[in-house]
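When the chains are written out, they are named A, B, C, D, E and F in that same order, and each has its own residue count from 1.
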Amino acid sequence: MVAGAQVAGDAEEVWSQAEIVLKVKEPIESEYPFLREQQILFTYLHLAADPALTEALVESGATGLAYETVVDDAGRLPLLAPMSEIAGRLSAQAAADFLLDPVGGRGLLIGGVAGVAPARVTVLGGGVVGVHAARIACGMGAEVTVLDRSLPRLRELDELFAGRAKVIASSAAQIDEQLQRSDAVIGAVLIPGAAAPHLVTRDELALLPSRAVLIDVAIDQGGCFETSHPTTHADPVFEVDDVLHYCVTNMPGAVPRTATLALTNATLPYVREIANAGLDAAIEVDRGLAGGVNVRDGQVLCEPVLVALSASGAGL
Amino acid sequence: MVAGAQVAGDAEEVWSQAEIVLKVKEPIESEYPFLREQQILFTYLHLAADPALTEALVESGATGLAYETVVDDAGRLPLLAPMSEIAGRLSAQAAADFLLDPVGGRGLLIGGVAGVAPARVTVLGGGVVGVHAARIACGMGAEVTVLDRSLPRLRELDELFAGRAKVIASSAAQIDEQLQRSDAVIGAVLIPGAAAPHLVTRDELALLPSRAVLIDVAIDQGGCFETSHPTTHADPVFEVDDVLHYCVTNMPGAVPRTATLALTNATLPYVREIANAGLDAAIEVDRGLAGGVNVRDGQVLCEPVLVALSASGAGL
Amino acid sequence: MVAGAQVAGDAEEVWSQAEIVLKVKEPIESEYPFLREQQILFTYLHLAADPALTEALVESGATGLAYETVVDDAGRLPLLAPMSEIAGRLSAQAAADFLLDPVGGRGLLIGGVAGVAPARVTVLGGGVVGVHAARIACGMGAEVTVLDRSLPRLRELDELFAGRAKVIASSAAQIDEQLQRSDAVIGAVLIPGAAAPHLVTRDELALLPSRAVLIDVAIDQGGCFETSHPTTHADPVFEVDDVLHYCVTNMPGAVPRTATLALTNATLPYVREIANAGLDAAIEVDRGLAGGVNVRDGQVLCEPVLVALSASGAGL
Amino acid sequence: MVAGAQVAGDAEEVWSQAEIVLKVKEPIESEYPFLREQQILFTYLHLAADPALTEALVESGATGLAYETVVDDAGRLPLLAPMSEIAGRLSAQAAADFLLDPVGGRGLLIGGVAGVAPARVTVLGGGVVGVHAARIACGMGAEVTVLDRSLPRLRELDELFAGRAKVIASSAAQIDEQLQRSDAVIGAVLIPGAAAPHLVTRDELALLPSRAVLIDVAIDQGGCFETSHPTTHADPVFEVDDVLHYCVTNMPGAVPRTATLALTNATLPYVREIANAGLDAAIEVDRGLAGGVNVRDGQVLCEPVLVALSASGAGL
Amino acid sequence: MVAGAQVAGDAEEVWSQAEIVLKVKEPIESEYPFLREQQILFTYLHLAADPALTEALVESGATGLAYETVVDDAGRLPLLAPMSEIAGRLSAQAAADFLLDPVGGRGLLIGGVAGVAPARVTVLGGGVVGVHAARIACGMGAEVTVLDRSLPRLRELDELFAGRAKVIASSAAQIDEQLQRSDAVIGAVLIPGAAAPHLVTRDELALLPSRAVLIDVAIDQGGCFETSHPTTHADPVFEVDDVLHYCVTNMPGAVPRTATLALTNATLPYVREIANAGLDAAIEVDRGLAGGVNVRDGQVLCEPVLVALSASGAGL
Amino acid sequence: MVAGAQVAGDAEEVWSQAEIVLKVKEPIESEYPFLREQQILFTYLHLAADPALTEALVESGATGLAYETVVDDAGRLPLLAPMSEIAGRLSAQAAADFLLDPVGGRGLLIGGVAGVAPARVTVLGGGVVGVHAARIACGMGAEVTVLDRSLPRLRELDELFAGRAKVIASSAAQIDEQLQRSDAVIGAVLIPGAAAPHLVTRDELALLPSRAVLIDVAIDQGGCFETSHPTTHADPVFEVDDVLHYCVTNMPGAVPRTATLALTNATLPYVREIANAGLDAAIEVDRGLAGGVNVRDGQVLCEPVLVALSASGAGL
């Protein structure tokens, strides 16, 4: 039986009956006692940073599948992708918001109005995040430029935007040229499994017009601007050298309804396969699912988690 | 000589030299002494509500032209129109913002994402405000429905949106039907020179889903939702019966750079004509400009201002 | 020499001279005597259901290549695909037609008109059939929703329709939700080589508005609505529980000129290869062509045909 | 009180209570006795062709307003326009339908399919009917050419279709050139208050390819093809010289739900005005409404009706 | 009888039989003897600059109608408009051509290519010429900015281009800002009946990048760049201060087939009216046609022609 | 260190310092002495046709990498592709130019104008060249038909052009049918590493209208029209049988700025890899780069070059 996390009246009962428990976030401490043998917990786990949860999983004898380490045939992370799409779309909205005057922005309407030029938005990176950011920024009427280093990708973007956005090969010189005429810059460069590169240094902030805004969508991987540091939805921006920085971690957290549905669309095929055929058979069919098995029947299988735990001194 | 209000080092000097003074807002009290004979002040004045300024104008012997009472050949208010375009575009952005969870919204991404339905935005009124609201909402990916009562206007909108937005004749029954499936409602019905009609009553709020958002663009004219009351950019929303209300007055104040340029584009032809030919000749050419002359050489010419003043007991 | 089936004055002569005979449909009985050794017949054969033709082919010593069993590198059926595209496009036209009152429909213009909402069309399945159905339905002005289970496919559709059609992940619950607000439903779910799943049960018909119409494009594979049964172009619809069912088999038969050209575009590369290099060499180059060889020099090679024949008692 | 014709349980009661009766069609004989003094009947009347109804109206002392003779400021017929939009859209759908083989057409899919050319549709007349016909034909994928004689209108169409449809100045020679390469021709030339001109003569039918289809949207005004004669939804086409003719009168009758809403959107402003202010005041405000008053308090006011009646010998 | 100028075998015979002679250009000297009483010549005449032709017309007793002085209800010149549309479209093509290296341009592909920014094209003036120039420049992939001074026009353009081209209010400062980032500038400002204003002075050429190109569509009215002087299709460009100038007069002369058809579409309604009803009656119906009558039955009626002639000393 | 070919003051110094020399064209004779051991020259080389350069490379001990023989994973030529994109876009511009009358064309504006049909442009081949040609031709307003033989490609084009261009399967008969109604034909069929096929024979020229224009983008591979022979930007067209032929070799040479950037975008990833890791390691990572090594440390490795050289009698 598959029971969702859309908690029924009694959480304990759900946990006790469910063979597979699907969640959006890791279990909270009060849920640890519900974990049990033969049970599969499928959610974002981030165990390497959470020895307490790891210990709880190990002791319970449960199996922990982590969304963030499942891979697809092409080595991509299919259960992170929906979050990238959402973050990309939200980043254009955030750019529009922090161009407004009351929050300290340049006082510009992102799309301008008949007779008044629109704001200029530069999107660094034309991958999943970047293309969604650019689509929404175009939809809001901005003048949009997308930079990317991959020529095949630039060709796809050129066909997609058909002249509506400029699509230019990225380089350090090109970035500097764009900064000089950008009201907003969206940093959308993510290298899976690595820290994001710093595309804009502190020195380069001086190229931007006063009170321009940087949106750092790569902040969960360290940020792609040198001057970024994580912020929250409650307090999203700070200022460095007269430039606003929007560096909210977990941007999709602002749209839980949309994000939950998007995530479920991505996880459901895996869940269906596991529920129908069992975990072993499901892994047989889709080897990338194996990457998700962080803990199997109480045993830690994931190397980075083991490393992190031994470093933390946890006696597992 | 025409000197703008984009204040040089010394405001006093600018006022003393300028034959025509252009501003975005009415003069503040410290500027009253700068007013003088032979000078034309061209700005938003709203004298009926401001006896002190009226008195200052009268005593100075200056001429006061008010943006808000200039009319065009068709009887429309050409110096208010740019603000309507801006407010319309901003209203869609506001709708997107107050669908977010951290500010109390429904937790929806306005445009959804592949596989997840977009938010449903209903725009009440397909005039200048409404068409701009709908264009931006479409650009952000929302499911958009525009209601209007004028069949000729519905035809224009049908051609403009070409199926991207639904365009439906408005009626009380139709509004109720739409409310039941709207995540955001933009009230864009403005009747020039009259209080806006109440399109949604308090009782009808119950038709909306929980934590839906109403954006009242007509708030400067009293609001088009029964439960609206004015708010500010600093504290933009309040909640009634589990429905968010965004009722910020002077929405374009959030984008002063864009708004100033847009306004100047509209006022410049008048200014050029007055500067080149003098006020009398300019009025000869464009009779609608006469409507703007609230005070001429220290004499109040505008009937509603006279009425307001005598009511306020000012001895003019 | 390649001779088409676009019969010259004397069919017998064409058959006697042609080394390869291309047809759109299987040979009719009067053509059986024309089959002969060394001749390749390339057409839709459907031998498993036609023992008489199988026997004629075997006895003649000819080779029978069946369009319907040729596969491409990806395991798809490239000689069926053009028919899917055509059926998809026709299905939207059929939906528009059976919304009309004189044939018993709901009396709706599919695209509505300025001020009147368009009809709501739900397309179940976003594959080849579904995307063509949705494109035409959008082109006619309908409000279109496409459901599909594959997230990568949903992303392609989201980019293709760019907000013009809603693109939502399919599930049983989602289908029920859509049925309640659909004037027409196009069933476009085909699983190659398998019976189509029943996406709408008889009970669920009650969710639809009165006199809504279902278009079952999967009818050649058993239909994707529980209440479907095959109909013809002459008598295309029947009614169950106040819901119209359009279940015409071989929909492309309504557009023979278009279908023949489309089919020829797909078959020509194979024909050219066979004519130039011979059948053996052609199969060497393209292994998927081997799947099309149902009968080789009078010998049945296709397992399902053998099974069907032994079941039918034919003594081959 | 305004009571619609959406008949309640008891028609008689509705008629007896309603001060204004709105209908879509003229009253049927059984309703004549319900007519009474002080009552306004607002519907399509066509009295010149219906002496019995005229007599009933006169005797009852009621007032009869006819949709078909109300004019707007520009002398157009605003209560006929919605029907033209609907007929235009339906005409493209009819063209697609009668290109199909089972009903005797050329066997073409109107939009073709990848690799196969689309059908060629020529629209004669780029007014309300023509532009809607062309939009839907384009949406279905056809190759579309629109002919019109007005250069200002051609410019509007050129901007609207932006290269998707060809927009060419009409002339007898141009029509002949187009006929030679048209699979379907939509006759959309209507001259208000006059018989439609014959744009295609019987001789010219020979220019068309075999089994092409003509759609005569002007049939209610005599038809714009020489060989047209009225047909019905039940039996919509006939053939002359190997060319199909679709000449259904009252095309919008096929979509009663859509047509009723569209008509109501057009009539409602008049009804509201009459109900609020009375007929005299309403005419004062909108002189074009006077044209609709065919019978006032039992007296025939409409010249053509008088002429027709005296010709028919009715003693009014 | 109407006989076109599309000369039959024998010009003399055509002239002798035709009651109305339509031409594209003024008659050449060898045609003067063919002019005769009772004949109407309808063409571009430009008599003020051509005393010989004026004399010939006067002596012949013929009537001369000049395309260039016919006006429409709005005071515009309907027989010049088609030439403006053509010149506008050609101007974008010329801009693309003179960005090429072999003819001395900047060596840029106007639309760039995936990864390489497009050329930047600025269009001065958003009237008929400018909108057509901008549409084609967008179609070729350029980054396009349109400047215009009329706010209502800017709104139309904003809706038409929907973000694809930037639409900005024109001013001297704005022009200078655009020049600094323009690879090509199209001068499309025409003030009917007046010399074009000089929008770019010689000094301002220094703002442009090296080897940029100016296209002066206003050259027939003196040019809108200070450094313009007329050129021909045979030798179209010259260089001033390292900036190419394209100043071809009569640009539509490059596309005689297109231009003749476009002109005929505009003149035909007048010709039809004159041929059917006679010149007097035609003028009665359309007063603007009177403006075209430069010579009536041998008598000069057009004031500027009279003035020009007396100045030239011709004894008429 | 990587030094570009964008020559600094002293070419000799650049060559002496650079470990890798990037160029757009092969070195000229005066540069031969600069070649030296340990140096990598990366440019278009075309050694088989240039024994002198080959000898210089061999004697210098340098390594010569040729752009034109690098292949990608799919066997395509990634360093030629950007030139195809540029040539494709330029070809549509050339078609527009040689429809003009002053250069001997048909006197047509490629996009026509409101009321006048556009020119008809046929694009033979829907690959990289063809799709870019068609996009620009559509953007200029032409009536565009694209022919291609690959059904999967036709489907992509059908989706891309969405009815704006016709997309038809190519065949000899289809080409002849299109020629009869083409004002311009763009030959865009290139078979990598092979002479282009002759799609239009001399006899078929008679099918074209008088003064139509052929643009042969395949001329660098021998041309795809029988009557083509190479021309130059200085003298681009010649005429055969009343048909203009545009057969300029190295079309991208007209846009050196755009072409250099486009080329650099394609070469940079290779250069970066070689500079960072050395040539051997770079080849290890990307086997297709090995195909580019024509000369390694003074030794010829490329078979065709060896063959050509021995044929030319050079004693290497």
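We take it that a contact is a pair of C-beta atoms (placed from the backbone, for glycine too) under 8 Å apart; a residue touches a chain by one contact, two chains touch by 3 or more.
Note that the structure is predicted; figures quoted are calculated from it, not measured.
Think of each touching pair as a link: the shortest run of links from chain E to chain F has 1 of them.
When the partners of chain C are compared with those of chain F, the chains appearing in both lists are A, D. Between the chain pairs B-D and A-B, more C-beta pairs are in contact across A-B. Interface note: chain D and chain F, two copies of one sequence, contact each other through mostly matching residue numbers (shared numbers exceed half of all numbers used).
Rounded to whole angstrom, the centroid-to-centroid distance between chain B and chain E, based on C-alpha atoms, equals 41 Å. In terms of their C-alpha centroids, the spacing between chain B and chain C amounts to 57 Å. Shown for chain B are the residues that touch two or more other chains, namely 82, 85, 111, 113-116, 135, 138, 141, 151, 154, 159, 169, 261, 265. Pairwise chain contacts present here: A-B, A-C, A-E, A-F, B-C, B-D, B-E, C-D, C-F, D-E, D-F, E-F [touch as defined]. Residue ranges of chain E in contact with chain D, taken from their complex: 78, 82, 85, 160, 261, 265-266, 268-269. Taken together, the chain B residues at the contact with chain C in this complex read 111, 113-118, 138, 141, 143, 151, 154-155, 157-159, 163-164, 166-169.
Listing the residues of chain D that touch chain C in their complex gives 82, 85-86, 89-90, 93, 96-97, 99-102, 106-116, 132, 135-136, 138-141, 233-234, 253-259, 261-262, 265. By the touch criterion stated above, chain F contacts chain C in their complex at residues 149, 151, 154, 159, 169.
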